[in-house]
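Structures follow.
Same chain, two partners: subunit A is paired with subunit B first, then with subunit C.
Now for the complex of A and B:
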């Protein structure tokens, strides 16, 4: 058997535009490093299997209305959440986190997505207005192989989790339109959390594409529960391969699997949310 | 779903109750808890029956499996069922994973994450086979476990990287997640994990069975030896984003093996699949050919897939072809120079190794200090690949003199330089020399 039929570095050189299915190619890889594979013939020395990567984007409203208790609760629950997502990422997917905050201005917590093992939550502060449209535009610009989604190997579609407590103060539709033309967004898992009375679930559903993946938190304890439900569920579904749609009784086609994960996310979020006990439902004699 | 609380007592089917101590982990079908039952610690798997299609049938199958018992001690088998709760929720308890075993996922990642309980920071600890012998032994053990399972008329159904624990020092294997095991031909709703599922299951045209297990087994073996995905090459990487439809395409409708000799469209890509490229140069042809068959004709013709017994023979051969050279280089004999048919030479230090030819096979076993052969290699009726039959050792009283020690329980005959055959009793040995012949009974060997 010939050992010479090894493909030379070709990650992106000969890719035709349509083969990318709408995803732009990454920057040219470092060919010098790629060809320097020295033949080490030790059968026991191996590098880790190439893992698929998943970036979880958190879009967090840090406008003035979030100030005080809400922001404090959000910071605390996010700190607690990171180790929980870490457990999800322990398997065969490399999970990274990127946090985009939007108020009067749009800012990334860190300038690049950080591996979940190394991620540390930097506490956020709230002030200003709700520039959601600008956040959508910024996200769209970064969700590119030349920017935040530059893993050389395969990626799962990203998870995008939007949290807001108010109505956008800018033209969110224009930003959303731009985002919707981004393939990563199209195939991504989208979920949103409305916080308090002011948040508009219809706007959030426009962002996620369906009402199933929008939930609402009215109280502090709900906020913590909902953030965890959405983040953990979407990280779980996002970091795994599609699960078989069993017993279709016929050969599965592309239409059967299209956005299967997004649908599953909607189902699971709804199921988990409905299982949560409302504060008011708790009888006086329990919970002690 | 009914989650259990720490401290809660779960009633067992045949009396007594298990007390929930902590959460071990959760998976697609439910959550696993650490429990105390009858004064001992166990793992309790508690199902989310809302996610099950037929919980009653599933429970009945589990009961049957418990009654049948495990096919061998390589399985972390369900032990006792819990009583069904009012809404039909149930679980089962099983032994805890013993210490010293690492998950297959950690082996593939080459490290495991340990969370520092104080800071919550994750620390990476390397996970690697201690020796080539341990690795090939692990492979033989995996194959053998599935051979035992299939011989008992059952199929595993969702074979994937989460289903095994391996002792990287000895090659011992534990098959866990045994709750979906079902008689061949039945399926209780589990599909499997893409990448491990047979293409016909991914496409939705077949349900998991013994034939699809064979495909998944080949994937597991490939991943363990070649440290990469057999179907992930240039064609797949080009998609950049692994959407549901690209998974359906690359693992179902149009799965192409990375080293398909007749289709070069999906070759491994340097910089991403370096492991596969490297190991494809290391493993001998008979191993590579078995994978080529599994992932080319085996894709469309399930009956042509390699059966466990065949894999077992191939890997027993592979183990016997390991050479541990004095210079520290350990590799398969195919990676050594062969100055003549019977000699292997280390390309690094030049040391030469004689070899032993057996009467029932064409390939030769290289001889080096510490090399062993096993019961199944000297007796045609034996399937025992763990019991050492003979070992090349240095004579304790005559330093520098190498010989073979009879570690078996039977008498052998060995030819000495005077031309006569002498009886070699168990525990005894004889020196190796150019004209050595050994008579094991039905099988004979000579240098």
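Now for the complex of A and C:
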């Protein structure tokens, strides 16, 4: 006996409108877990539904030189930024945030990427040296399906945003080499912000792979503007559906698709930066 | 005895754009073996016939596997010793069959002016004809003494053996992160296939699904638990089918908005004899999910400062 069955797709239109009645709205992993306590009606609702998700990694220099106005401004702008990023994801993408700080040591703000709706900024303090290479290594270790990127709903390559005000005090190239072998880094969107005179744009461009995705802030107001521009633009581009097939018909490789996204990010950042109003704020390095 | 079911639902985003369902799914329950197979057509501009490509892929694969099982005694005697080579050959046969179907369809249905109108002449020239039909493929095969699978591109296989634990026997490929997928239409498709083989374990049920299902879950635990819950209802599958279709539809609407396909094969004897293990597993998973929820809350409280 043989039972072969090629299934004709079920088109949603064919289902009665009632079929969707009683469905819960899109659930975050939290509500998904909560629903595990209630699946008497539909056994399958025990496992909640998640939207497509994107992780934004913030790599933040918390070395001693960030002390004072830079760190104060950064804390303030990050607190303000969260609701703005939340809006990016409102349509159909769940944005998750992971924050890695580096000074003498490297530390994660939370032990897992946190959904933006649940994210609360923990104010950072500055002290110690700039272990950027160690941060690159730590990031590389966590950017894996077995670690921070283990959510099935993860549908986009991550956004990685580096902020620093100085030259690395460790062998950053060794860390960067390790990071560059990570596919998530390779396909992710990278952007960097140099804060004040000491930050080295060449080092940052080595990290992002292009000068277009490196910007510089010399004052508190610029810092606020630049962080918002980079974070919001990269979250928008990062959460755009862009698969191998969403091209113009040319046979292109997967790396081309991601470099197209990276290029678009560079263009948009440069455009937005050039449109900023003239800065009248006092530069960070005045009197430092 | 083996039995099975399969369903494909059109994605919510395709409902809006009018794009036909790009997924296909099928199962075959024969006397000594069963196959669950799904395929996800790429569905974008240059893959303008991928809804047919996915249909050809599921047919091609079932035919390829059936060819190998034709001489059943000989096959089961050789397979355990040479499973790597034979799985490779089945993959090649599936690609060959798929190409045959694609070529036959194309020669009977040449590309229309309307299909061409979306490209400049130069753009169109650059597309390989197989690409019109580009699709992924994932298949699980259950036999009496062994279980194996093959896959190209994204999608998932979940197997539940006699210990009741839901597992994903195919390893995730870290070299191909989100939004990048290999395809039957790649010129070196055979090189992109992965596979698995398990012997000496009795299979209760196995599921193949397109990535629209996997990506509608917030955690892999939930994804695996989902399959355990379905397995607990397999003895009552006729009544439960509508629940599954509605749930897949809901997942497409509120999840990734993608097409979703799920195909399942199972041993009716194993279901009858192991239902207590499965039901215990469902209860255990429910408790673990509650524990994870509690742990997540603790993590939030234990924050940076």
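Going forward, the second predicted complex is superposed on the first by the 211 of 288 C-alpha atoms of A that agree within 3 Å, B and C clash if a C-alpha of one lies under 4 Å from a C-alpha of the other, contacts with A are read in each partner's own complex, and residues count from 1 in each chain.
Here is the rule we use: contacts are C-beta pairs under 8 Å (C-beta built on N, C-alpha and C of every residue); 3 or more make two chains touch, one makes a residue touch a chain.
Please read all numbers here as calculations on a predicted model, not as lab measurements.
Using the contact criterion defined above for the overlaid structures, shared-chain residue A:86 touches subunit B, although it does not reach subunit C. By the touch criterion defined above, A:271 reaches subunit B but does not reach subunit C. By the touch criterion defined above, A:77 reaches neither subunit B nor subunit C. Residue contacts after overlaying the shared chain place A:44 against subunit B and subunit C alike. Look at A:160: by the touch rule set out above, it reaches neither subunit B nor subunit C. Of the two partner chains placed by the overlay, only subunit C lies in contact with A:109; subunit B stays clear of it. When the shared chain is aligned, subunit B and subunit C each come close enough to touch A:152. By the touch criterion stated above, A:237 is placed in contact with neither subunit B nor subunit C.
Looking at the shared chain after the overlay, A:117 reaches subunit B, while subunit C stays out of its contact range. Of the residues of subunit A, those at positions 1, 3, 5-11, 15, 19-20, 23, 25-26, 29, 33-34, 37, 39, 42-44, 46-52, 92, 145, 152-157, 183-184, 187, 241-248, 250-251, 254, 257 touch subunit B in one of the two structures and subunit C in the other. Of all residues in subunit A, only 1-13, 15, 19-20, 23-30, 32-34, 36-37, 39, 42-52, 92, 107, 109-112, 114, 118, 120, 122-124, 144-145, 149-157, 183-184, 187, 241-251, 254, 257 touch subunit C in the complex they form. If you check the complex, the residues on subunit A that touch subunit B are 1, 3, 5-11, 15, 19-21, 23, 25-26, 29, 33-35, 37, 39-44, 46-52, 83, 86-87, 90-92, 117, 145, 152-157, 183-184, 187, 240-248, 250-252, 254, 256-261, 271, 275. Subunit B meets subunit A in the complex at residues 1, 25, 28, 50, 53, 105, 108-111, 113, 115, 120, 122, 124, 128-129, 131-132, 135, 161-162, 189, 191-195, 197, 201-205, 223, 227-229, 232-234, 236-248, 252, 259, 264, 267-275, 277-282, 285, 288-289, 330-332, 335. Interface residues of subunit C, counted against subunit A in their complex, comprise 3-10, 12, 15, 20-21, 23-31, 42-47, 55, 58-59, 62, 118-119, 123-124, 126-128, 131, 134, 172, 174-181, 214-220, 222-223, 225-226, 229-230, 232-233, 243-247, 249-257, 259, 261, 263, 286, 289-290, 292-293, 296, 299-300, 303-305.
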